[in-house]
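Labels A, B, C, D, E, F, G and H are assigned to the chains in the order they are written; within every chain, residues are numbered from 1.
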């Protein structure tokens, strides 16, 4: 809840339009839809952002039993807003889409989504990745940005040991408002892209690699130490966060 | 050099307006001003960005001998563009300002700068920090953003163990286009700010702390694992990078 | 064995009421009930604390084969004291409860327990957690504190990126004698709670998270570096230890 | 600020006894005394706790310039409450005591303090340490607990490789409400003390050691993995935090 | 091959009793029995030590396929010396004993062995461990020492949080020539034992624990930083190495 | 693409023999053969090196589904060049060889290969390893070097705790142009070999070991800190990279 | 205090020859000589071992102020037993020897010592080190072993990259009862020595090196993962501990 | 000593041309020149390689007192071979050159050298570095390679965030036999160079950077995880080792 809304609540209270108890209640119940199954809490959907235009509801499927997940999805679909469900296995993706006709598979990401009304994306978000193993994370970023209203273009398999591949992405590098760059192993691609563009670059390390890559540590450190000044970093494999921030930046620049 | 410029070079070559040798030469010499002292290279100033409107030249003073630094600053001032010199000790700040009348001390940061013409900042960048020891890093971010054309407001000493302090920053939290949030120790402030706003938050871990803070590792991990989706992270103590990206985002949103 | 008991033994020996051999024997056998299966030791139940009023016997099920566990539980139930069995899978919880009618499932924790006589808890222990994935660890703490005689109230899913949720826990924050605060990822909740209360806060990092959370390292470091002075920390996922210490503190304050 | 105070503010607003502006102002200014020197903020003293009975003001001297520290101390002494200044070098301890007659050196800790009125401590806090190099940290804990109103007894140099030393502390082990146990190197003393007592034990790892002690990592890990259930842990060398929590627990138990 | 044997070879060559080729051959073939299965090398048994009195052959079963292991064991049994096979699952222990009548299960360790002739052990090796989960590693040490000719006595489940248990091991602590002390979690037991005896103590950290024990790191660091001067350390879970060195020391002292 | 080829492209453009569009196209399509299955990219084979004499195409099988792998192999075999497929399980090795008659199993490595025409290797690459568990990685290096045209000799199971074994490899140590030395655990073999030869030694740490070997960290650090000046290091288990570089060095020396 | 002495105390108490108070007192005062300076404890000398034949008193100088150290040394010299003072700078070594005529510099170690009566050492301890930078640590081990009664022979600068040097130490390798092997960087020497001898090898990692040696981590890990079964390890730079254990083993074997 | 020399020794012994004692002596004294000062060993110069054509003697100055260094240098100059002294401060460089007229400063490295006779280098070694702070390490590599007989060309300040700089090094990238690539921070340059050339690339991480670069860890991991197959790695800041191996490879290819 932001300060503006707090001020409204306080003003209503000050002007006698609300009681102390009502005000306390509003603070407590408003931005949360609690979902129960067999009498126990299985999720608290944050409706805080979703009720405003252009923000989807998001459900992290990882770590939820299917029975719980099913109940949560059903409830969320009832809210009538855009919806994104992340980190699903192939089997659970298929099962959810079979049960709920509104859901669509989001490309090669591990997500499904429901978009209430088709609309043309605005601005442009560029999503690049270094190897074919990084595609699932990159796609997660791309689809999150799309649900935040962005037009998104992707360019995959652009590892730094074959720089000629990047040259063919010249148009994309020239026109996007913000970039998401995904890489495992040594994580050098964001530095190279950062040196070629004048826009923010959000770097996503992935757990791709072996030996001394230590499940993404190597890529993470490479990105934090980037010699390009326009690079910021998110957690390992956090395509969702990168796409979310890219969507916010793109909305600011193109809105 | 971006793809557009490359295409211009190739077209000139294709149309006979330039030779292969000239083209190779352009690729080689253009975006770099090499500074020598006593016949040895002491810096290669990247004029690539600085020649375009609104980007300052930046000199990292750390690790340079004063004699070398002095030559580089003199040359950079001759380019006639905005200039920022970062990571200076108090002694070197005073010495540089005494030698070059154009330079100004940048608040409580460890930087000095030259701004060719005063101009009102556009948009709004919010810079917050958790403790008084984090101020130097926060100020570095603030001044970089200012030189990129942003209006900047700062709110310092807002640690999460005293949340009532954040409430008084309500106006700032409501109106900025992007936030830089600086914190050492457990690094929790960006998560709290991220939960209160709908704009991008750039988190800067600092090396402030003792014991198991390990010179910023604790703050860095806390920020990478933030439960707020709108947080990205830069390297420990990297106020410069955070201010740079914040300036880019603000320019996109307010330009 | 504490010093008081040692002094009793020595005095009995000094006054001729006991022999050296008897004294040595007492030192050796007293506080330990050795359980055998097929001639091999499967557990040594520490009866040291359990024989005194208000301390339950505790059995850590993790790492024990079911056949061994079954024998140990049977023996422990025979001691006639309160009993807690921790870290059980759902399957083993059901199997134990089917075999031993005295055992009850302890809420959403992974524990079962036997309480010899119902009694109203004294004082108040507040147990909070940041996300739904932290509930199992929080419940373990809650039930350990209950068996140590405390009244316990829980408030779950109070992550720092949605601070408005904490406001509704005002009554609990005002009245408890001690708090257990459980969190994964960046582990910031104990700092925020610590800043709101004047009572001890016991922080429990959990292994919840992904990427650079490294199975709880991030949360652990965040809590050790807390800027709130009233926070102490236990091992990752150690709900048992946190509940135990909270029970001791509550007993001291309310006893 | 706690929930009770928030409710008072809201009620005053609801009953027309305060305006929205006044309420916002109270939230902003109340618990903070801002200290300036030469027009720049040098400290914000948290008067939040100090104004209530029995809590001292605390100033962390480490990282402050003496000129700044001097101004802050002067201001704090003017508040008329108990005061503790931590992490001072020997030279600065002497200098402060020479300038301010009210200040006293706090034993072998690196602190000085002012106590407004002598009062007998209540309850009992036991402070133990493993080696002579750990004494400064142990003393910091002891003096913080004293300023929180506790009676404190210390027992130093009780390393686990000479267990006979611990036997002579039998009376202390039997009668204290809570223990602070300080150790470097392998950090085993808290486990041993924890096994001998039925009260909470707060473990403080120190940076004492060499080689694979890595400035306290070894002791910290040893304490987090303690096999005694009544042990909680604070940051490396954080005698202040341990003494603070011990004082809170002792106050609860003896108050 | 040691220097004495090298000198014999050189002398034979010098006196014409051997050719250069023969000497090279001796160097190459002597201390190694190569075992093949289906034309590929599956093991090279080091017969170097085993041919001398009192050293068993040792086969590390971990990582070998059963078919390969079976061939190696058959060959080794043919050498007619004592034999120890380590790190076997329960299933493979039973299968090997069923196939080879000479093999015996070595207590609660994961080993089987063949001892050519029963002989009374000499000297005394004391093997202690902290918890019941450490027993398998402790037993591995005990049986290795026995096969090196030692008399061995074991005392298990002597954790430092219940020191009274150690008192009943007084006779063992007083009479052994060398101790193997096994512990997981905080790894404090070797320090305590080391302070009670005047003989070498070989500490074995185990991977027992959870959370910040990091599969034995915590115990390993605790032991390396032991404040007792008579403690040396081996790798995590390396009961074999500890028993081997203890056997050597015992043989030196009792031989 | 190297500079020479770039210059050819530019010259063709300058002389009117190519258009800008053609040149951009060449840059984009040339060195990459994109393989699709069911309309989605499953691999981009880098034909850049393979088209030149003596470099095989290489396919990393790890992480690919069999259906995808099968399509990629089929396509690659169609290129008519040498081919190497690495990191295959035994089951997939057999399945591939059954489907494609041209493929051969590469010794004890986890690779299969196709060599278009038999040719005698040139020069000499020596491949050594410390234990039998390191053989798979060593063989991968050996077969990569063979496909790069080298004659390769292997010497396995030469651990530093039995130095007499190395003596029998005297001829190999004297005559190879370059060495690949593979070791797990303490990783000391490359230092010993490095001290015996005057040629480059490429050290490969393996993940063989337990406890504080941490999946190859111990061996990796040992090799990076080698006291022999002629040792360089590759990633843990990276037999492919070591064999590749050894093949390049051997080609330079023997070509 | 060992169990035998405890039994004597208990028997005296049981037979009326001692009171409870006397017994408690004996437990408390016996093995400790407390040294004060200006009314504060500066050291507690452990006389426990030193009063028995053949064990020196040991004072760790590191971290003590000279004034304190001087008082402690004076007191210790008064006990009339052998004395060793470790970890002294060159300046403090000279100063102590100037003040106390009985003290002698212990070779190239950083120690001084007093030996009450010259006696021929018994048995043989072999001390080896890998490089000249490791000599100070090796000498510390050698002199500790000498004061424990051992004959000691040293062989320095025997790094594994020049194995021919080790051959000249054949006589020492053949005849010592126990070895101390000191090495920095990759720490491989103990494995090589361990493979050549049938006696215990105590490995001492040193902080010698740079880069990825991380102040001895690399050597420590190498030694813990040694493939030789007769190697145990002490803390980084802990020459004292290695010499102490070697002295104990040698005494057992040669006594 | 290599196997060939060993065989010569053995043959001489076999043919009666040498005695066993002589042979032992040769093994012991041959490849080592021991330097004493005031009766203590200050260095053992390895003459093993230096006596053969084209290998310089190398003295590591770091960690040596100047008086010792001076004696060693004097002795080494007397051997009449090429000489390299590494890791000297500016002050010691000047002092050595003043005392010994034969010594020359080696460019911007921290080395001095003596070359007995000028000779044209053979082949070509390319040395590149990413930033101006990496130049000292790069120059160390360059001068070592020169003393091993190589022609060396350098190209500095070619960071990956400004790829256009690399284009101007096209001739060097096309013609060198082997590359040394030096970089700090994210260490990405070797991957990029590795993708552009078909020759071996030796990557040198440097300790340049701040924050999460951890004195070269970030660059080291980036290089170990390089996606280019022709990259091998040496220790952090180990310009010497990289230049040494590059010199060996170049000699093999060009000799």
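By our rule, a residue touches a chain if its C-beta (ideal position, glycine included) is under 8 Å from a C-beta of that chain, and two chains touch if they have at least 3 such contacts.
In this text, all values refer to a predicted model and were calculated from it rather than measured experimentally.
Residue-numbered contact pairs of A-F overlap by over half with those of A-C, the repeat interface among A-C, F-G or C-D.
The chain with its Cα centroid farthest from the Cα centroid of subunit A is G.
Homomeric contact subunit A/subunit F: same residue numbering on both sides for under half of the interface positions.
The copies subunit C and subunit G differ by a rotation of 180 degrees on their C-alpha atoms, rounded to the nearest 5. Computed from the mean C-alpha positions, the centre of subunit C lies at a distance of 38 Å from the centre of subunit E. Chain geometry summary: the mean Cα position of subunit E and that of subunit G are 26 Å apart.
Residue positions of subunit E touching 2 or more other chains: 7, 162, 167, 196, 211-213, 217, 220, 224-225, 235-236. Those residues of subunit E lying in contact with subunit G across their complex are 2-4, 6-7, 49, 52, 55, 58, 167, 170-171, 173-174, 177-178, 196-200, 202, 220, 224-225, 229-236, 240-242, 244-245, 248-249, 252-253, 255.
Residues 108, 132-133, 156-157, 162, 164-165, 167-168, 208, 210-213 of subunit H touch subunit B in their complex. Contact residues on subunit C toward subunit B in their complex (touch as defined above): 130-131, 159-163, 185-188, 191-192, 194-196, 209, 211-214, 217-219, 221-228. Interface residues of subunit E, counted against subunit F in their complex, comprise 1, 24, 27-28, 30-32, 40-44, 46, 48, 62-63, 205, 207, 216-217, 220, 235-238.
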